[in-house]
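One chain, chain A, links the two complexes that follow: it is found with chain B in the first and with chain C in the second.
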Partner chain A sequence: MTNAAAQYFRNIKDAVRTTAKGMKITLKYWLREPAITIEYPDRLGEGRTADDIVQDRFRGFLRLDSSICIGCLQCMKTCPIDCILITTEKIGEERHLTRFDVDQSKCMYCGLCVEVCPTSAITFSKRFEGACYDIRELCISHIHQPAPVAKPKAKEKEG
Partner chain B sequence: MTEFLSDEMVLNMGPHHPSTHGVLRFILQTDGEMMRRAIPDVGFLHRGIEKIAELLPYQAFMPYTDRIDYLASICCNFGYALTVERLAQIEVPEKAEYLRVISAELTRIGSHFVGLGALLLDLGAVTPFVHALREREVYNDLMESLCGARLTHNYVRIGGVSYDEPPGFREKTRRFIDHIEYEFLDEFNELASFNTIFINRMKNVGVITAEDAIEHSLVGPNLRGSGVKHDIRKNDPYSIYNRFNFDIPVGHGKFGTMGDCYDRYWVRVEEVMESCRIIRQALELMPETGPVRTKLPRVFKPPKGEIYVRTECPRGEMGFYLISDGGKNPYRLKIRTGSFSAAAMIGEVSQGVMVADLVTIIGSFDVVAPEIDR
Partner chain C sequence: MHNLAEIIYQFLAGRFGQSALLEPVFTLAAYLIPCIVALSLVSVISGLLTYFERKVSADIQNRIGPNRVGPYGIFQFIADGVKLLMKEDIIPDAADRFLFRIAPYIVLSSTFLAVIVVPFGGPFIIADLDIGLIFIVVVSSLVVVGFLMSGWASNNKWALLGGIRSAAQMISYEIPAALSLLTVILITGTFSMQQIVMKQGPWPWDWFIFHNPFTFVAFFLFMISGLAEINRLPFDFPEAESELVSGYNTEYSGMRFGIFFLAEFANIFVSASITATVFLGGGNIGLDPYTSGIAPQLFMVLVFFAKVVPLCFVTIWVRWSLPRLRLDQMMSMCWKYFIPLSFSCLVLTALWLLAFNGNGVFWRISG
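What follows is the complex of A and B.
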């Protein structure tokens, strides 16, 4: 009986001792400056924007450089969830891009379209703040007026 | 007559219970605080990933493998890429192999941190969870600088990886693993692992013998926690794992019986250290420059045939069984994951334990609901 009682009190002593050890670590971090958390979006630090808190290779919203797009439709074909819609039309002699819609609400930022693009016309931006009131706002049209497609160079055609 | 007088009650735990780690439901048959049985009800997160594989070209399925186990997406990428490469006999550049191993082991560290932290959180210790996630944030930043995403990395490609290492990656990774191995884990153990209250809640709970574990086809840390030394990285080495020197931690009843919750927990802590060892060796051996990706034809068609490749994920063996009919889409892809057998095992070991211990058992198995259902 005394043995059991001794064990009981030893258990309490152990629990208090090990918990105090843990609390010491907690206290160390509590007193530590500066805090690790970045208080997004209110306090990002001096002169920093949301773009600065992500890394260079960040896969954000897709953007299109329509001046170098050759209208090969590779990105549309490779997209696993069909969130890119491109139409081209022949106006006069030249092919024109008439539509280049990216549905950012569907996009899963996998990067297959960026990798497959022969001229790097479609790239990732660092933009990630996509909250809006209407989901249709996230379907982004990159072409507003029909734009002539760029001529593919022989080298780029292969790659 | 006694049957009618018993206090048996059926309780639902989940699918929105925070300690079931995702959308997982348990039907508990309780008798007061004691539990007769807990029947896991899975399937809430079934997304038909295996069917999607049949509808997509081989390369386009890669982003979906991220979603099998979102805590260890690179390990899943790795397994799938390896399967297709073995079937089509594609050579992977030397540097890509090293980048794959480094990123997969980093993912293992990040995944175990969530597993350990979430288990402690379920037991009521909030601080260690925050500490574990703080370190995981460093890993997230590392992966973001490497491949541009923080959770669904989609980094490994068939025939290599998508990006070369960014400048300063080696230095940052080395600093991270040094911090983990020499500073953080000691602190974490002092904060939580060696706490007497924590040990008393974990030891002798949910004991699984080695025979039981093998019989129920447990894999990964859950199997090793029962004392079975089995790790695909050692027993059936894939990629370049045979070049590294590392141990397989197994449970040996550190505080209680062999195969209890604490052993499974402790195996994960030790695995983090082993991963650090692998990364350190890989960073030294990795070539400075070199190609990271083999060029594949635009319409990629592997030869006809079938193959099964297994890899070691943080939650155990992940197997991809792929059948190809020579077309541009897989004919059939079956994915075998570790969490599925672990979820079945939860129902077995939870017979006759307290309701509060069920949370410990679920946490110690470290199941991830999307990996169960796929």
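What follows is the complex of A and C.
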């Protein structure tokens, strides 16, 4: 058999083999592999919410744990676009947080406030659904009635 | 009685009495009723095929596919059809208006003409022509006229290129397709589709695909050239999205585009049913299709569709597995590989029939 004829039949063999190989792979995906699509927003599955479908590192809306906030105002100062507004008042003997507003419509999710917070009172939540009819709804007040600020932990004495 | 039209004619004549006055009415009704039924049936089938195409492609790509309209999204194709009907029908300024309008109907009618001789199992065949298989080969190549027309009339370079490509491709692949069908004709000695079905048997070893090794090869040759003739991937050059926008139907919108789409999917069904009829025994269950009762006849239809539906799925499966060839590869595949192979299949089948007195390979084994 001449070289060209051998090549001819090798071509046919190659075509059949590679086609079969490719079709086997798609058949496997067709019959075995389940769909990985998440049907957001209305068919997330039993007991799943929109917050569950994003990753743990996701930077969503900011969240405040007012029980450990010491009212140091560092987040307000470090925010590059001034979307955090905090006021504290002295009521009786203790300082109280009277306002802690985060304007999520301005926030660029840089995370500087989260980094700077000494007690991790301000953190990212996984909430991302911010659509609303009025942009002012996105300015979220975390304090509704004056709350006493937490005492900063005393520095442990050395020795 | 050889077909549905004659059965209906006999029924009408028996019901209303034979008379010279009513005779043309009977004839018209006897041919129109099966045609309309087949037309709507094939339209629904091609609609369902669009649904299954999307569902299978979704499964292959780990997606879900349409699942909103009706249970499992089964009515998605109706929603799509209604949407296409409501859309504006745009004809470009520079287009040849008459040809532009008429082209989709030529494509669609050439597809549906082929349905006329498809035996749906039992007596359910619109017209059992003596030249059935040749008729299919002839009318399916009429599609080229429609494609060229739409490509030329659109006055758009993508559309024109698509039309020219479709002409080049379909005329080339007509040859191996016809030759591989001819191997079966050597065995049957008739072109009539109903006769071809009746000469096969209910069991796989009675089918012509397993008659001898060469018909086995011819089956695959016909399947692949069929893919090329109906413009499916890996041979969808006339409408290669990445190269030609959408090919010959680039300028079409609304229901005119819908008709092209309908014809495309009806073609899948027609191609699959020809393959099933010629190579896989069609709706043969070992009984005479005309004299047996209504229950076996309906079972024949079921058997026919049980063979056609998997073939349609294979067509879809191929589309979502293989990439498009290059134009020159497609041409060399046809002229260098398919035509020589189908010719040798033809000649070797003839020699086989001569050597073994017209008997198949399983006749040799069983003795």
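To be clear about the criterion, the second predicted complex is superposed on the first by the 114 of 159 C-alpha atoms of A that agree within 3 Å, B and C clash if a C-alpha of one lies under 4 Å from a C-alpha of the other, contacts with A are read in each partner's own complex, and residues count from 1 in each chain.
Basically, contacts are C-beta pairs under 8 Å (C-beta built on N, C-alpha and C of every residue); 3 or more make two chains touch, one makes a residue touch a chain.
Predicted model, so just to flag it, every value in this text is computed and none were measured.
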(Q) Quick check for you: in the superposed arrangement, does A:F124 touch first (chain B), second (chain C), both or neither? (A) first
Q: Using the superposition on chain A described above, determine whether A:P80 touches chain B (first), chain C (second), both, or neither.
A: first
(Q) With both complexes superposed on chain A, which partner does A:T19 reach: first (chain B), second (chain C), both or neither? (A) both
Q) So, A:M108: does it touch chain B (first), chain C (second), both, or neither? A) first
**Q.** Which of chain B and chain C A:E39 touches, first, second, both or neither
**A.** second
Q: Decide which partner touches more residues of chain A, taking chain B and chain C as the two options.
A: B
(Q) With both complexes overlaid on chain A, does A:W30 touch chain B (first), chain C (second), both or neither? (A) second
Q) Can A:R57 be said to touch chain B (first), chain C (second), both, or neither? A) first
Q: Return the residues of chain A at which the contacts from chain B and from chain C coincide.
A: 11, 19, 22, 25-26, 29, 36
**Q.** Sites on chain B touched by chain A in the complex
**A.** 56, 59-64, 127, 131, 134, 137, 141, 144-149, 152, 154, 162-163, 166, 187, 190-192, 194-197, 200
**Q.** Residues of chain A that touch chain C when the two form their complex
**A.** 8, 11-12, 19, 22-23, 25-27, 29-31, 33-37, 39
**Q.** Residue ranges of chain C in contact with chain A within the complex
**A.** 56, 58-64, 317-318, 320-322, 336-337
Q. Which residues, counting only chain A, touch chain B once they are in their complex?
A. 11, 14-15, 17-19, 21-22, 25-26, 29, 36, 54-59, 78-80, 108-112, 115, 124
